[in-house]
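Same chain, two partners: subunit A is paired with subunit B first, then with subunit C.
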Partner chain A sequence: MLRVGLRALFLVLVISTPAFSQLNIVGEWAGRYHEDQGDRVPGDVNGDFTGVPINEAGRRYAESWDVRRVNLLEHQCQPYNLAHIYRGPLQFRIWEEKHPATQEIIAYKIFIGTYMQSRTIWMDGRPHPPAHAPHTFMGFSTGKWNGDILTVRTTHIKKEFYRRSGIPSSDLTTVVEHYIRHGNLLSHVMIITDPVYLSEPYVNSQEFGLMDRGNQNWLYNCEYKMEVPMDQTKVPHFLPGANPVQDEWAKKFGLPLAGVWGGAESTYPEYMTKLAANTPATTLRSGPALPPRPNEVHTEVEAVHVQGNVYMLVGAGANIAVQIGDEGVLVVDTGVATMREKVLAAIRKLSTKPIRWMINTSADADHTSGNETVSQAGQTLNGNPADIIAHEGVLARMTELNRPITERPLNTYFEDGRDFSFNGEAIFLYHFDGHTNGDSIVYFRGSDVLVAGDIFLTTTFPVLDLPAGGSVDGLLAGLNKMLQITVPKWLQDGGTYVIPGHGRISDEADVVEFRDMVYIVRDRIQDMVKRGMTLEQVKAARPTLDYDGRYGVESATKFVETVYKLLSEKK
Partner chain B sequence: MKNRLSAFVITVLVGLAVGSVLFAQGRGGGGGVAQPARTAAPVDLTGYWVAVVSEDWRHRMATPKKGDFESLTLTAEGSRVANAWDLAKDDAAGLQCKAFGVGGIIRQPGRLHITWQDDNTLKMEFDAGTQTRILNFDRTKQATGEKTWQGHSIAQWENPPGGGRGAAPVRAQLGNSTGPIAPGGGGRGQRGGPALASSLTQGGSLKVVTTNFREGYLRKNGVPYSETATITEYFHRLPSEPNEDTWLLVITTIEDPKYLNGAYYTSTQFKLERDGSKWAPTPCKTAPPPK
Partner chain C sequence: MKLKLFVSVLAVALLAASQARAHHSFAATYLEDRTMQIEGKLVQFQFRNPHSFIHLEVKDEKGQVVRWSVEWGGAGQLGSQGVTNETLKYGDIVTIIGNPGRVAEDHRIRMTSLRRKSDNFGWGQRPGEVVN
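Here is the complex of A and B:
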């Protein structure tokens, strides 16, 4: 017995050998601001683009940035994203979550006082979410120890900024962090890759001191305030070349503007020669090629739970929404023809109740080619195939295109909207002339999910189908309506989820960026039309430059052409 | 029975004592040089490295205006000295290298060339100001003679936990964890196991403490550090990035009660270059600040 006890004691002694402090990153940490203090703390930033390897698109975005944009209610309470939040004044707390049986570290948890953001760094080897998963301001993180360095990789980050001067970070940003501890000093390195706005990785590092005494300043309470009456549908921005404050910072410190916004080249030692000679022009480097847009038609259809009663089907062309409940099944859009049987099978996996209702958000073939299959498999209370609801513009368009009668929506509406109840929740349809003249957005009030159709996309610029009555102003009206409906949760992630016509699950922050983009590009083209520029001149001026990397040059060309046509005709 | 028990207790105590000794050596804490530093290196720092000036750009790429001490909290004496900065006077007095001394050189835009001078000495050359630092792993080498811009540096490896080169990382948990490597873990080589990959990038760092240096500038515009400052640096080679970039992080702490209120922390990034084709030594020279 004594021997057993001693062996146990031995084991306890060995296991409880004092830990190297360098590896324990648990604790409360507060920032030390000995680098970039002017930008990070007081925020003296108008026109400070230094040290960031921005590309042309990043510079255009920053030049257009008007800080009054944060007066728009949807922007007021948005937190910094991961690529930015460690650069502001902050303190954070790290703790471990361990498996109760094995004591393995499952995750590091981080609570950041600024904006009260919470992070989880998964250490259990789980994969990152698929491309269609929603993004958050802190993203999805996985970690791995490399000796005494904790390396963390984060994806699925929402668009925000690298600096308060308007240097944008896109939602395709990936952040690699390294955590290194020496005594009571924690060094944090970020290596940021952003194919949209950076020409090469942006590296920065910051120090944090272990807080001996807990600071109570952990709360951040943001309330929306309208301090100055302003039209919430107008997006403040500066037209290219018209930013009155872009050289403010350069002038203040006596630096040449070419150096201040010099991008990657200006971060290398040899640039000092150019700086000394006040060489005016610096060519911003382009970034690496963007990954190709993934094919939206997969071999299988996947059902993803969005929220409440609503699921999203991906892999059949345009996104499909399915609402299930006691009363049956409602399907919004039905995908491409080649996948219709698989769409039906995916619906049947979600629910075996009858498919009662279908809604088409437009007449497009990639949204409606499974109509017949799904409808025929369903049944109304009267025993007919499932009813297809759509704006009358959809029926008119399908008729014009000689689509089979069994694919056409015969339960149409012509008013601005319609509502009804199904599966215990109110469902609202709102009509807009956006992508076509028959667009509907569909809101499931109980589930708090909005189905956008092609009024909102995360994959390309908007597609304005002019023969089908598309309208940029109507599209903006639809997006503004969506912003009225969507409400984010308190800390700005989630809340109302939005299923776009194409792309990933989104929330209000994604919609507002898309709305802002459409508004700004329309304004630029409008200004060029007013100045009598031809379409070729407008294209050469690249009014979509700051968004081309995000939505693709090919769809940019079409978008510019259609907006130019619409605005020229209006003139 | 009693004898067996005593033997067991003695075994436990000896085991713990040996473990403690090995633990200390594993952190580079042993006296003298147990094995050549080059052999003991847990990480390879050699090569040509270029500073990527993504932070404090206006303080580093350009010369800030006199009196611009942003982010530094100077003592009254520090402010007095900084406000008295006169670039022309420095140049006339042959003090052009004051901004290229050990307290400021790492923040100068430039390239760093790290090589082994011998098995126990790392040589760190800077093309900015054509400066050279000698990092001695042999602690018996004492600073001698006049103070210099780069001073006398003593280096030691900070090995990754679980042992240095030749030791397998030890997991923090019981079982076949894929979790983090254990704190402690038993010291250098105690658990044995296969050697680390030849790239030697799996953690570990170089700690450097420098003394016997001349007074210099933290920033080009005459913000001073004194001869009595304590300068401690950690050099980390970070795990390679997906695009194959390799970064060196230099964490610097400068404590100087004469001129600074509190410690001054910076961390500076360098990227590994393929070769020395861009190596361009220049003399110590500070451009005048903008008017």
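Here is the complex of A and C:
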């Protein structure tokens, strides 16, 4: 009888236990550094590019890297990104979040002691965010158990480095991790794919031991300050071929420079034969061509909440910003003509209050062709169609192009900026001659959202519309102003959000990378112009090489041509 | 016992390394095989992460005052060595020895030792007083 009872009890217990029983990885883990110690603990010296399958774009970026760039305020407190952080000394803590009713694991949470980074690995099957979502240094992760191996895939990672010697990792990086537990050891394998800077996946592994006494973490109360008096608008970098320290690593260990720079080929055992034969030359591969820029005109317009009162409308060409509140609706840019009714419908879904104000960041058709529809649907306090505000350069350009009067901004300004209050927050407009001579950036102070127009993009190189008065120096001035306005949250993710003219929601870290790129490319072309190079020679020298895989070769060509023209004329 | 001591030393070293490794590579910023000395008036003490900085007003050969930036350890690392945000004060006259920056015009130095004139307070002479 007792035996029957015990059996029944056992069955009840088994039945009531969830069917899943994954290996437990919860606990505090600390790195073991017997492998790659020199790289992982003391860190590297200049010119250590070994063991990473960089392509020629990665090499160019690393050649240009001047470590003094981290003295710029926006760079000082940036943490390592996911593709990098496990390579340093660190401890991390893993715990589970379980569904209260089913006890299924919804997510693993990880706190990484270095830089105090927090991760969530979603286990509930949710999809990754859309392309227009903001990126973070730790990215967005989903996981799945395959037997006793936890496999995690992470996207939406911010640009940073694979190594502090300047090997870049782009914001298009995908990281696949495998967590494999053996007793009190945890093996961590990373497979990093980066179409911009790697020619093949970068695979590395680390071992971690379970800690009996945890919480030996580094409290990263980073505070950016003017460490070294320097012009914060000047980006330290080396012109191609002018890096004075790039061969230090090779010299230190008596290695051929070609091998140190060798990329993927030099990471295979067969390369030893080449070394032995004293023929270490390698050919770095180009990154694969960037997929064509996604069509920005969708079948439907989607509204995405950015922060505070501000939303971004996606799918109608250039990005549109909508601010809503008690006083009504304000719309920044209105998209392409074919989507204007859908733009209006999307605005109406956000708020049925009257559309009072509109702002145009430039005169471009993909930003302003819904002007008439949205304006006519709105109403100022005086009963007129919604007022369209823009710099007077926009009105001049639209007049020149014979755009209908109902599309033109009649409420213009000519000074450096203007401000007004609407829906309980101050709104600032700043004018720059950047993409055109009528560009405005718009800052919503209460919501802490900055709308950049085409001064900042995440999809292509800047477009300098020369007939419309575009200027590379003006564009840089606009980007520097944006960096003055943006304030990141503690740990450098979020804070002020930026809606680019085209592309995904961004923050200061994204803007500073774009600013650095524009500054560096301009400097390179300036140097070539000074040396009397023709446009064809400049193009052949590929001054945008390290960014081509990120922003596309087609827009690179146009960017180089326009910058060359502007700088040649200045000469 | 020896093993325990070794393990503890290793743990401390790794923890310190984790703090030091962050931010940037010293080797890339400074000429680590050279040293120089400067003396001047302390005008700012940034006791902070990722690294602390001291700003000194130093007279050059022509008698012109030049602002020098002296890089020190992170607040956590220095704190474990007994340094606080009150250790140095505005107006202190200090002598710094350290590695010069690779770019001379930056007027920067990575501190290896410090001596304050008024009370002979020093850093960098005792074991463990290093920035790594």
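As a convention for this text, the second predicted complex is superposed on the first by the 543 of 571 C-alpha atoms of A that agree within 3 Å, B and C clash if a C-alpha of one lies under 4 Å from a C-alpha of the other, contacts with A are read in each partner's own complex, and residues count from 1 in each chain.
Throughout what follows, a residue touches a chain if its C-beta (ideal position, glycine included) is under 8 Å from a C-beta of that chain, and two chains touch if they have at least 3 such contacts.
Computed from a predicted model, the values in this text were never measured in an experiment.
Touch counts on subunit A: comparing subunit C and subunit B, the chain ahead is B. Residue contacts after overlaying the shared chain place A:V45 against subunit C, while subunit B stays out of touching range.
Of the two partner chains placed around the shared chain by superposition, neither subunit B nor subunit C is touched by A:S568. When the two structures are aligned on the shared chain, A:T459 is found in touch with neither subunit B nor subunit C.
When the two structures are aligned on the shared chain, A:T193 is found in touch with subunit B, with no touch to subunit C. Once the two complexes are overlaid on the shared chain, A:S118 sits clear of subunit B and of subunit C alike. Looking at the shared chain after the overlay, A:Y33 reaches both subunit B and subunit C. Judged by the touch definition given at the top, the superposed model places A:S266 against subunit B, while subunit C stays out of reach. Within subunit A, the residues touching subunit B in one complex and subunit C in the other are 33. Those residues of subunit C lying in contact with subunit A across their complex are 11, 14-15, 17-19, 21-25, 27-29, 46, 48-51, 53, 67, 69, 71, 75-76, 102-103, 106-108, 132.
Subunit A meets subunit B in the complex at residues 2-3, 6, 9-10, 13-14, 17-20, 22-24, 32-38, 50-53, 102-105, 123-125, 145-151, 176, 178, 180, 182, 185, 187, 189, 191, 193, 201-207, 253-255, 259, 266-272, 275-276, 288.
On the subunit A side of its complex with subunit C, the touching residues are 31, 33, 41-46, 67-68, 70, 76-77, 80, 88-90, 113-115, 164-165, 216, 218-223, 225, 227-230, 244-245, 248. By the touch criterion stated above, subunit B contacts subunit A in their complex at residues 5, 8-9, 12, 16, 19, 23, 27, 42, 50-58, 61-62, 64-65, 70-72, 109-111, 127-128, 158, 160-161, 169, 172-175, 177-181, 183-184, 186, 201-205, 234, 236, 238-239, 241-243, 245, 247, 249, 251, 253, 264-269, 271, 278, 280, 287, 289-291.
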